[in-house]
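Chain IDs A, B, C and D follow the sequence of writing; residue 1 opens each chain.
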Amino acid sequence: MTAKLPIGILGATGIVGQRFVQMLEHHPWFEVAWLAASDRSEGRLYAEAARWKLKTSIPSRVAEMRVSPATPDGAPKVIFAALDASIAAEMEPRFAAAGCAVVTNSSALRMQGDVPLVIPEVNHDHIKLIECQSWRKKSGGFVVTNPNCSAIGLVIALAPLQHAFGLDTVMAVTMQAVSGAGYPGVASLDILGNVIPYIAKEEEKMEEETRKLLGKLNGSGIIMGSFGMSAQCNRVSRRERSRKRLFKPGTSSAACRKN
Amino acid sequence: MTAKLPIGILGATGIVGQRFVQMLEHHPWFEVAWLAASDRSEGRLYAEAARWKLKTSIPSRVAEMRVSPATPDGAPKVIFAALDASIAAEMEPRFAAAGCAVVTNSSALRMQGDVPLVIPEVNHDHIKLIECQSWRKKSGGFVVTNPNCSAIGLVIALAPLQHAFGLDTVMAVTMQAVSGAGYPGVASLDILGNVIPYIAKEEEKMEEETRKLLGKLNGSGIIMGSFGMSAQCNRVSRRERSRKRLFKPGTSSAACRKN
Amino acid sequence: MTAKLPIGILGATGIVGQRFVQMLEHHPWFEVAWLAASDRSEGRLYAEAARWKLKTSIPSRVAEMRVSPATPDGAPKVIFAALDASIAAEMEPRFAAAGCAVVTNSSALRMQGDVPLVIPEVNHDHIKLIECQSWRKKSGGFVVTNPNCSAIGLVIALAPLQHAFGLDTVMAVTMQAVSGAGYPGVASLDILGNVIPYIAKEEEKMEEETRKLLGKLNGSGIIMGSFGMSAQCNRVSRRERSRKRLFKPGTSSAACRKN
Amino acid sequence: MTAKLPIGILGATGIVGQRFVQMLEHHPWFEVAWLAASDRSEGRLYAEAARWKLKTSIPSRVAEMRVSPATPDGAPKVIFAALDASIAAEMEPRFAAAGCAVVTNSSALRMQGDVPLVIPEVNHDHIKLIECQSWRKKSGGFVVTNPNCSAIGLVIALAPLQHAFGLDTVMAVTMQAVSGAGYPGVASLDILGNVIPYIAKEEEKMEEETRKLLGKLNGSGIIMGSFGMSAQCNRVSRRERSRKRLFKPGTSSAACRKN
């Protein structure tokens, strides 16, 4: 029986970090061995440093861990990163340069030419871009990014259509839950009984990330998809994506929950 | 000083009927002189028969009026109708046949070939269709309809674009408030913290009404607009359209209310 | 290995009936063998007759069952009842008279002198009242009721206080979720961004049921608790009771979900 | 015709400051002549410095005013203050010492022995306490406070009861809208579909302020009311207090909006 691979979570105390902790709780391959966040959290018990906002209980083993300094020294070689974009832009390269494999949810490096932006079911071949990274050549480390959540949903649907028919123009409209804005995120006074027809930077991300995800790997970069693309993103009065949904078509008041 | 024209409201007790009552309260041309609804309301004081749901107070003069039987006998010659589509289909022709000018919010007759579907700012010339109606020839009465609320918003924006550039394809997505479903309307268990990505018959109405509104009057009918048209209608957790909205572009958490 | 006891659910298609179906899915003692509801549902597949509103999937075995006529003929001897109070008042005695043990969530018979109103943790001894019921003597059947949901929460907290100190006066205020009103229940136009400071009959139920639950069994009846009792019930904009909740006292914006 | 008295608003850019601006727009006695807030706002146009959140438009005359430094030099002699409690504690005494009449919504000085806490309809005689203030004696300046919003509603109802019957014990439960927490205030993730059964410091304020408001003026201080007092404050999913409400008792789904 192989020992599990020790991994670290950078930005462990925010909502995305908590989601990593939750999803890795009983993972067959990985074990959470290291947690880091801001200076404010350093040295504190994770359970106290994190304002746990998820529906499931905080895993007890992780709750008792102390938050480490956010530096590659003593960190595991595999890091899941969940930092704010502004901090990620500076910190992710540092960990990659120190030889870490950084798998990140942040938008900071997604559009960098030698960084793969990947949905495994769609463009796993883009991962080869890792070999072009300077960090890879110097220390073995690298950065891989996952896309913006709305772009993921859109591209998983578009990929087979592109494959079968090609894409001429894509016009996307989203209705996004408040959980996407983190915590404290969207002020209740802004969203209660309201729709906000604008999410800062979201439309740009959907547009450029969709082009990269559906683009072609070409040696040392990605040739971006050349189809027309327009996104309009809205915030609606809804807590979060729901998992199991029932849809009864044809009824006069069909209640469908939208993923 | 000209006396105001006495008008009647058919379907006066429902939400749409209440809105007619509210909007006609101090009208310079019209005076509410007759109210009718279902048999259940007949003979009762309007204030008791109607479950008043609007933010403003029920106008006192109308509150004290008794609800009349829903028959053209004794009704004014100008009727604003706010009935459910199923009842309107039978009742509006009756009033038109009896010589009344029926101005209706109901969807029942909107797509009938000789019935104008009108947004005054866009296609007031379609009103000439009235002269083709059999009721007009026999008794002078007629029916004029206004469109579905979402179609109105869409077409007011499309009309100048069609005029300047022509229309190739229209793809519309709506986020509609719960007030559009009347009262009791949407059950709270269906909409609290939810988005319903389907409103029965709404997409069909948006599509066909948009084609008729942007179609051309041709003697005895309308040649429907020939552009591609696809609508996707959603119900969101919001009470009603709001009037005055502030939009500050460029802020990181712009709170915009959508009309 | 003992076979499970076959039980029936009366009023199986409503929200409360669905909750019985959900809770009995893997029960160690009971097996759902019979479902009945209104005439409208008779003969139909349960999955079609019920507008399933719960978060978990409809149990497949029950989904495939046909809804039986709502009559004791052919019904199991143990019935869980989830009918509207008006229908329950007539139907529950019929099943009890036919020899069934009727365990009911309905309010119809809760205050009847010889019917026990029971919270097992608090007053299970009241069950002895069954022996006073005329149905019991004639056919062996009987009726047992559970209290109004808000009364349950209140009394479970009050019982040990009454035991230790006695009760002088109870003043209760509730904030109840919309699920308590069934489906379609509370109209969204009434509750979105609102608090409704009145729930029909709820305050009366809380008051009289609390007195009965905390009263004393005396031969053939219950001597009602004699403490002062006043309830004020409110409906709030919340879907349903939540199960697991986190409470961090002392934080400036403590987010607590109220059971 | 008397000229209007020039007044200043301290903390003009926050929600409470905006409410002062809105309410003073056409005031018969006062004219807004001076606005101050934090250093960040100093020198900027009010319309840009304030994130206007109210439903009515920002008054144009005030929109064009520049925000002054938050210092008594050059400020009018009458100041309406709407600062955060922490800042108010230091700043309100400074303005009073400089000879200003400071009328404040902040909680900072409400419980100070020589500062009147006033609801005009209930205890206007407490205003005499002003003459005991050191600022009054030295420069003529003084501070008057209004109570916590929930305490106001409670005490206006209690005062006549106390007058007629005396008060033995008061047990209060509130359901407060999110607007009371300012902006950004309550995070949407905390309140959507939730009730928060705790508002930091609110219960203490309700309890002590109620005792002071219903206490007796005695020379140089207030003898606090001696009745039992217990408050339990909840935050509910509602934007703000509404003004006009309709209540139809006796209906099975009465929709009442709570002030």
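In the analysis below, a contact is a pair of C-beta atoms (placed from the backbone, for glycine too) under 8 Å apart; a residue touches a chain by one contact, two chains touch by 3 or more.
All of these numbers come straight from a predicted model, not from anything done at the bench.
Novice: Taking all residue numbers at the chain C to chain D contact, is the shared part over half or under half, that is, same or different?
Specialist: same
Novice: So how far apart, in whole Å, are chain B and chain D when each is placed at the average of its C-alpha atoms?
Specialist: So the centre of chain B lies 44 Å away from the centre of chain D.
Novice: For chain C, jot down the residues that touch at least 2 other chains.
Specialist: Residues 53, 184, 186-187, 189-190, 192-193, 237-239, 251, 253, 255 of chain C touch two or more partner chains.
Novice: Counting only chain pairs that touch, give me the topology of the graph as line, ring, star, complete or other.
Specialist: Drawn as a graph, the chains make a fully connected set, so complete.
Novice: Within the complex, which stretch of chain A touches chain C?
Specialist: 51-53, 55-57, 184, 192-193, 244, 246, 248, 251, 253, 255
Novice: Applying the document's contact rule, which stretches of chain B touch chain A when the two form their complex?
Specialist: 171, 173, 175, 186-187, 189-190, 193-198, 200, 234, 236-239, 249, 251-258
Novice: For the complex, give me every residue of chain D touching chain A.
Specialist: 53, 178-179, 183-193, 237-239
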